Amino acid sequence: MQMIEMILSPLLALIIGIFFLGLSRKIMARIQWRYGPPITQPVIDVIRLFSQKSVSHGKLFNLGIIFSLAGSLVLVLFLPLAQICPLSGSGGMLVILYMMLLAPLGIALSGGESANPNTSIGISRKFILALGYEVPLLLILLALMTHYKTISIVHIVSIQQNTGWAFVSLPLLLSGIAYVLILPAILGIRPFEVVQASQEISSGPMAEYGGPFLALATIQHALSLFIGIALFVNLFLGGAGNLLIFFLKMLVVFVLVLFVNAALPRLRIEQAVKYLWRWPTLLAFIGMIIVLIVRR
Amino acid sequence: MSLELLLIIAFGGAIVTYLLGKISCRIREGFAVLISLSLVVMIACLYGENGTESIYFHFLGLPLIMRTNMLSWFFAMAVSALGALSVIFSLNYMKNRERTDFYYLMLLMVNASMLGIIFSGDLISFFIFWEMMSWSTFLLISYNRGPAVAAGLKYIIMSIIGSMAMLVGVLSLYATYETLNMATLAELIGSASSGYLLFLLIIFSIAFAIKNALMPLHTWLPAAYAEAPTPFNGVLSGMLTRMGMYGFLLIMYVIVGATRALNLGSGLFKFHYILAWLGAITIVIPTFIAILQDDAKKLLAWSAVGQGGYMIVGIAVGTNLGLSGGIFHTLNHAIYIVLLFMCVGAIQYRTGGERDLNSLGGFIKKMPFTFIGTLLGISGLVGIPLTNGFVSKWLIYKTLILEGYPFLAFAALIGTWGCILYCYKFIHHIFLGQLPGKYQNVQKAPFSMLLPMIILSFAILFFGILPGIPLKIIDTIGTSFGFKSMNVTIWGIASETGTLNTINIFAAVLIVSIIAWLMLKIGPKAVSVAQEDTYAAGAAIPKDKYHYTVDFYNPLYRMITPYLKDFIDAFYMKFAHWIQSLCNGTRRVYTGYVGNYVMYIVLFLALLIFIRLKWSL
Amino acid sequence: MDDAGLFSGGPNPILLVVVPLGFAFALPLIGFVSKKILKYIPVGVFMFNLVVALRLLPLVLKQPILVEIGGFSPPFCINLVAGPVGILFSALIALAGLLVAVYTLVYIKEGPEEKYHILYLLLLTAATGVVLTGDIFNLFVFFEILCISSYTLVAYVGNRAGIESSVKYLIQGAVGSSLLLIGIGLLYGLFGTLNMADLARQIVSVGSSSAFIPMAFMITGLGIEAAIFPLNSWLPDAHSSAPSSVSAILSGIAIEVGLYAVVRILFTLFGLSSFFLFFVFLGVLTLLIGEMCAFSQNNIKRMLAYSSIGQIGLILFAFAIATAYAVTGGLFQMISHTLGKGLLFLAAGYMIVRSGSMEISSLKGMGKRMPLTALAFTIGAFSLVGLPPFIGFPSKFLIIRSALAEEALIFNILIGLILLGTVIEGAYFFRVVQVIYFQKENEHQKRHEAPVAALIPMFLFMIAIVAIGIYPKLVTGILDSAASELLDRVDYIRSVIQ
Amino acid sequence: MVFSQVIHFLQNHIYYIGAFGLIFIGLLIILVKHNLIKVIIGLSILETGVNLFLIAVGYISNGTAPIFSNPSVETQRMVDPVPQALVLTAIVIGVAVLALALSLAIRLYQHYGILDLRQIREQKW
Amino acid sequence: MDRNQLIKWLKAPAKMGHKYSLHAVYFCTGCGIIEVPPSITARWDAERFGVLPVATPRQANLFLITGYVSVKTLRAIIRTYEQMPEPKYSVGFGSCPINGGMYWDSYNTIKHLDKYIPIDGWIAGCMPRPEAIFVAVTHLWTLIDKDMADGYKRYRDHYQAYRANQEHALGKLEWPPLFSNETKS
């Protein structure tokens, strides 16, 4: 059973992620009054990329991207997808937090080997942005874990299934709002699209990727979209009893986030970090204090 | 008997090594390696010898006692192993330098005194070895001259302040209980008032906090680490600084005892809680300062300060998980920081002492093994799952969250995220990016440098995937302090509030990596290109300039730099200057005019008589 | 004087004074015979003294030896009381004298060597006399001999600094000895006796407070030689301008003998225990002033001189606590200071000779040029700071421990100040050690070690420092009985006046 | 009455007064004079005062020499011999110091060309 | 998606992928680039054809040379073209790359771009309208279907000649040859 889950959950994540990628392009096009590409366009892109003959800058260039994709895939194994969570008993939220590191770190190592300054700038921005949103995110997650007195995400989901969504329960409301405020930053979309920023720094960490490397990076991107939203759904929207509801919840969140993406221009990196360290952090901090008071 | 023999071999070996150096370098080096390896073997043989005490000497009527238990075995093993690796690493690094005899003497001496500290069964021998460690370290830190001199002076002054505080503590214990045997003290101290215990803990904490570079007392460390000879950095950062940790464990859990130590003070102002907060501050601020550093060794130094905070937080929380996390982190940190310093050493060895991050780059092609070592080192430092740093950090986080210290947990976690920034900066600036033209002909690190690096790299993975092996030992330490035993399995820890199972993670990561690799293999094979062949908007790559290193995290720097000056150091320096001017003022008493001097004499006589009349003593 | 053999088989303690004194005066005569052997005479004399003192040590531990000069039994006439303290100090003086004499063989090459050796012998004879005598006026006389020979020795080199310091030293010393003499006169006027035991007995019977004024005069007079804080202005000048061998003796022996005299007068003669607290403060003040002044010195010898003031402060502090532990600690600290400071001055002496300057900065690269001398300096410095495994550690340990045993808040604060002083001490000593080993030298100079005759005493000092530091039991037994002799007035009186 | 008391006191203590007067004069000279020679003179006066004081301690007016072989002299009226012995020693020492001081003064003058102690301050701090 | 398409997809997914995912490298050589923004934004929306501008040549497979090519630009064009992963297609946009256009007698303009890099198709006109881009794209689809868009193969086969031409125009080149001598067929 666990083996099936282990295969199933990454596959599902991959499909949903790629679907979201296509969906985002389509919806963005519609918002911008365009016809837009077919919804399968990411798949076509990935196929094309896999068939291209790329250049490699060295062993680490290959390994880094593998590392990054593997990190994302493993992370999916720790996330409860509705009732599916293959690695529920292997470390809980803390491992998830750490696994979220792997993907950017892998890309960073791989990109670093390519010796392209654009890449380095992108990576530097990625890490700064990550530091920016981790401050509120950690406060939020700690508030959750402190409130539910567990570090296992499965427990958090199951408690919410019994007692209602965290997002609408009072002590965690502020944390939830803070999470919503930083969700675009976690997903890396506008107004926090400073990392890729293809107009500025030639798509940053991706600058030297072509062919299969870019395909892997695209898949990784799709997975990270999935992870960011699935984490929110699990933590604040109570997960789901079956896959369909889970998917619907994710879809709603994603479309809402896309509107933000379409409506807002890109921030500069300092502006982004200042924003992240101001309002979401403040909310998360107050939320944490409320949680502590409630716990007393 | 074997403990005395051990110390005699350790100290005698140091001196004999020095003398052999007068005969021949090769014999000396061989002997140094032999001594340090034989110490490792001897200590390994001591495993499981619990609670044997032996009086080996009398000092001022005090019996000096050596004893073994699990705690000391654990630390001794780490000290001797890392010491041996450092010696091996030194062989090539120190070749063709002046005063290598002296260097080996002091290196072995530091190791020997650390072993002395660890095996001490009474506080006086603890203190003696502590002081010997301090001054021999001082001599080694200053070894490199130049800025190292100031660093050494700073170190020894702070160290003396610490040891003076400890001396007061030791002597006050002696005055109160008439014994300095740790075991006896631990029994006797039950009758002490909580005020006295608090005094004891604070006065010892000053000493240990200075050694462990806890935040307001950390200022010696960055300069000292940056300037010490790099092979010695391993010993310095790995174990010597962590003698402070050992000291904390000793005073809090062995002598004062867990239950008493954790109940001192009231409300939020409990001793251990404040200590934990200091630890948390020590995690956050140095981590962010480390991000700003451009000097490889300074960066690692600040990172070591920050990592020290984890250990303090871990043991100060006072749960079995936290304690184990703290102790385990001490070991893990020692392993990876030694590895990282060795990597810097290898780079320095091949580049002629270059350690400015901005002028390196692209060494991955030239020194691949060193790179792998560094990669594993920073993985451990960040705490990537499946490296050893993860397990210990996991334990600490978990206990912080479950015990209801979310802000401490926040500090610890944010420290990790800051850690990624400087770790990546470290590896990127040295190994990735463009190789400067002058380093085109750099060779691989020699084997004697690679060997310790390889061993340590394996250790990182080994302890990361099989954390149960050290954790079992640490668990016995914890239970000997009176904590509940953890449910340690070989793969991690099982408990109802969240378990850790490294083998699952390992298997998953392995399988998934293979899948990802296969995915990469779907496409046509990639063509390897030279490093110059990167995208530069169609232009040719400028030589030596196409590497983004200076102000790597520039936007972040602009935001945090104003808040991250080392205020504490500045304050201490100001204080030192103030003392200096005070001293300068004081010596004006001796005016040089003999009339004044005679006046002093007359005044003194008058003072004596005045006191007599006033108080009729 | 003839009944030397009467004392249970041991040699007569008076030999300790007589032999060097005799040789001092015989030296010019010997000079007629051969100029060359002159400088070996102090070596021989102090070797003899050392042997005598060491042979006497086990005897006096059982029973103090009383030497009646002129055949009268005390309280009449001059007598020597060779108790554990006296013999301990004699041994120490003989040891330091011997080692420094060996050092002098090569160190003193210019000037009127013959006079140097006479004065050197006189100085140490006087010091031995001071510690052995049981008569207060005799103490004054020996003291004057000590002072006059030190004035002269300070001026031995005859340069500006030497003469100036010597003049200043002389003025202060003369004022001091006048005060001492007034004190002795007053005492004599009050009690009509000069024997210390007898005086002590009488003071015990009338109460110590009645003899306060003489005590004040005597303390002030002796305090000048003992370098207690406001009275020590001569010390840095004199110690820094004297030849290094003389500095070693002045620092290691002269001021300690002065302090011994102060302590003897305080403890045995007056026993004014209510006044000890004042001396505790004074000791700490002396320590702090000494260390602080030393901290801001650029001249190596001046720094060492100020450091001596600091050490004296510590010793005074220990004595003024006046418990058995504390006095043991004080005596131990005296030994450790004699050995440590002696070693430092000897090492610094040759480093100054080689570098040609007393500036600390000119000692750069000495670790390479004179490795053994540099090692000696380092060990001396470490020992004085109180680092194990050197002798400074057990002595400081004992002092702090006895101070902590007092359990008064004021003592805790004072301990804090003392430890602060130690930190400052550490700071300046380590700075010098760094200059010696770790500063980049100006030009590449070849190795030029001090001559063997200078290295041997340094080595012996080092061995003593390390040996006692590792195994303090070598001396603690003697120190304990010496401390009890100092503290136990009644016993002292009884042993002198049967 | 008062006057006679004063006279009486003076008669009894004239030596002490003289001695301490000398001592104070000597000290005052040392304290306020800057010239080395004058300071040495001050030292000399100080010493003289001390010696006088010592003599005064053992002095009995109209006393006799302490010769016990002469039975006609009462021991009560004998002058104490010890202070005299002391003073002799002290004078000798004083002379030695004085000689040394003067010789040093000569050398000092050779080096500095002055004897003003305010200006001879190379050794300080 | 009709049946035909599906069969094609199953038969040769790579080729179809190349057809429908033409990512063009941003490269503004001359005035022709002014026509590209309208074509990729809401008015014409090139993305519905799968044409998407990307930032670096590594990610692209379509190279639009938009406008005249000066000697200085040629250097960058060659470099960019060489960095694109194979298979790659290049399209000359406007008359200038074809034969120099209005700069036919300029001393500093490249007249025949296909002497330096292989060109798979040309869009004539001064300026061609955005619709022309789509015409070109659909035409390129046909060429890809028929394996006639083989500029990258030609480049590989005749690299020595191209390189010689390039060096003739630009003098010594800073970068090493893309293909070593042995691959010359």
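Going by the order they are written in, the chains are A, B, C, D and E; count residues from 1 in each one.
Rule of thumb we're sticking to: a residue touches a chain if its C-beta (ideal position, glycine included) is under 8 Å from a C-beta of that chain, and two chains touch if they have at least 3 such contacts.
Computed from a predicted structure; not experimentally measured.
Enquirer: List every chain that touches both chain D and chain E.
Expert: Neighbours common to chain D and chain E are B.
Enquirer: Within the chain touch network, how many edges lie on the shortest path between chain B and chain D?
Expert: Counted as steps through touching chains, the separation is 1.
Enquirer: Both chain C and chain D are touched by which chains?
Expert: Touches both chain C and chain D: B.
Enquirer: Highest contact-pair count belongs to which two chains?
Expert: A-B
Enquirer: Of the chains present, which has its C-alpha mean closest to the combined C-alpha mean?
Expert: Smallest offset from the overall C-alpha mean is found for B.
Enquirer: Among all chains, whose Cα centre is located farthest from the one for chain B?
Expert: Of all the other chains, the one whose centre lies farthest from chain B is D.
Enquirer: Taking mean CA positions as centres, which chain lies farthest from chain A?
Expert: In terms of C-alpha centroids, the chain at the greatest distance from chain A is D.
Enquirer: How many angstrom between the C-alpha centroids of chain C and chain B?
Expert: 44
Enquirer: Averaging only over C-alpha atoms, locate the centres of chain A and chain B and give their separation in whole Å.
Expert: Here chain A and chain B have centroids separated by 36 Å.
Enquirer: Centre to centre, by mean C-alpha position, how many angstrom separate chain A and chain D?
Expert: The mean C-alpha positions of chain A and chain D differ by 99 Å.
Enquirer: Would you pick out the residues of chain A that each touch at least 2 other chains?
Expert: In chain A, the residues touching two or more other chains are 49-55, 118, 202, 207-208, 211.
Enquirer: Where does chain D touch two or more other chains at once, residue-wise?
Expert: 27, 30, 39, 122-125
Enquirer: Considering chain B alone, which of its residues make contact with at least two other chains?
Expert: In chain B, 533, 535-537, 587, 590, 594, 598 touch at least two other chains.
Enquirer: Identify every two-chain combination in which the chains touch.
Expert: A-B, A-E, B-C, B-D, B-E, C-D
Enquirer: Considering only the defined contacts, which chain C positions touch chain D in the complex?
Expert: 137, 141, 144, 148, 151-152, 155, 158-161, 163-168, 170-171, 174-175, 177-178, 181-182, 184-186, 188-189, 192, 194, 236-237, 240-241, 293
Enquirer: Would you tell me which residues of chain B are touching chain E in their complex?
Expert: Residue positions touching the partner: 530, 532-533, 535-540.
Enquirer: In the complex, go through chain A and note every residue touching chain B.
Expert: Within the complex, chain A touches chain B at residues 6, 10, 49-58, 60, 62, 65-67, 69-70, 73-74, 77, 86-87, 89-95, 97-99, 101-102, 105, 108-109, 112-118, 120-121, 123-125, 127-128, 130-131, 134-135, 138-139, 142-143, 145-146, 149-152, 155, 202, 207-208, 211-213, 215-216, 219, 268-270, 273-274, 288, 291-292, 295.
Enquirer: Could you please specify the touching residues of chain E with respect to chain B in the complex?
Expert: 27, 56-58, 75-77, 79-80, 83, 174-176
Enquirer: Residue numbers of chain D touching chain B in their complex, please.
Expert: 27, 30-34, 39, 117-118, 121-125
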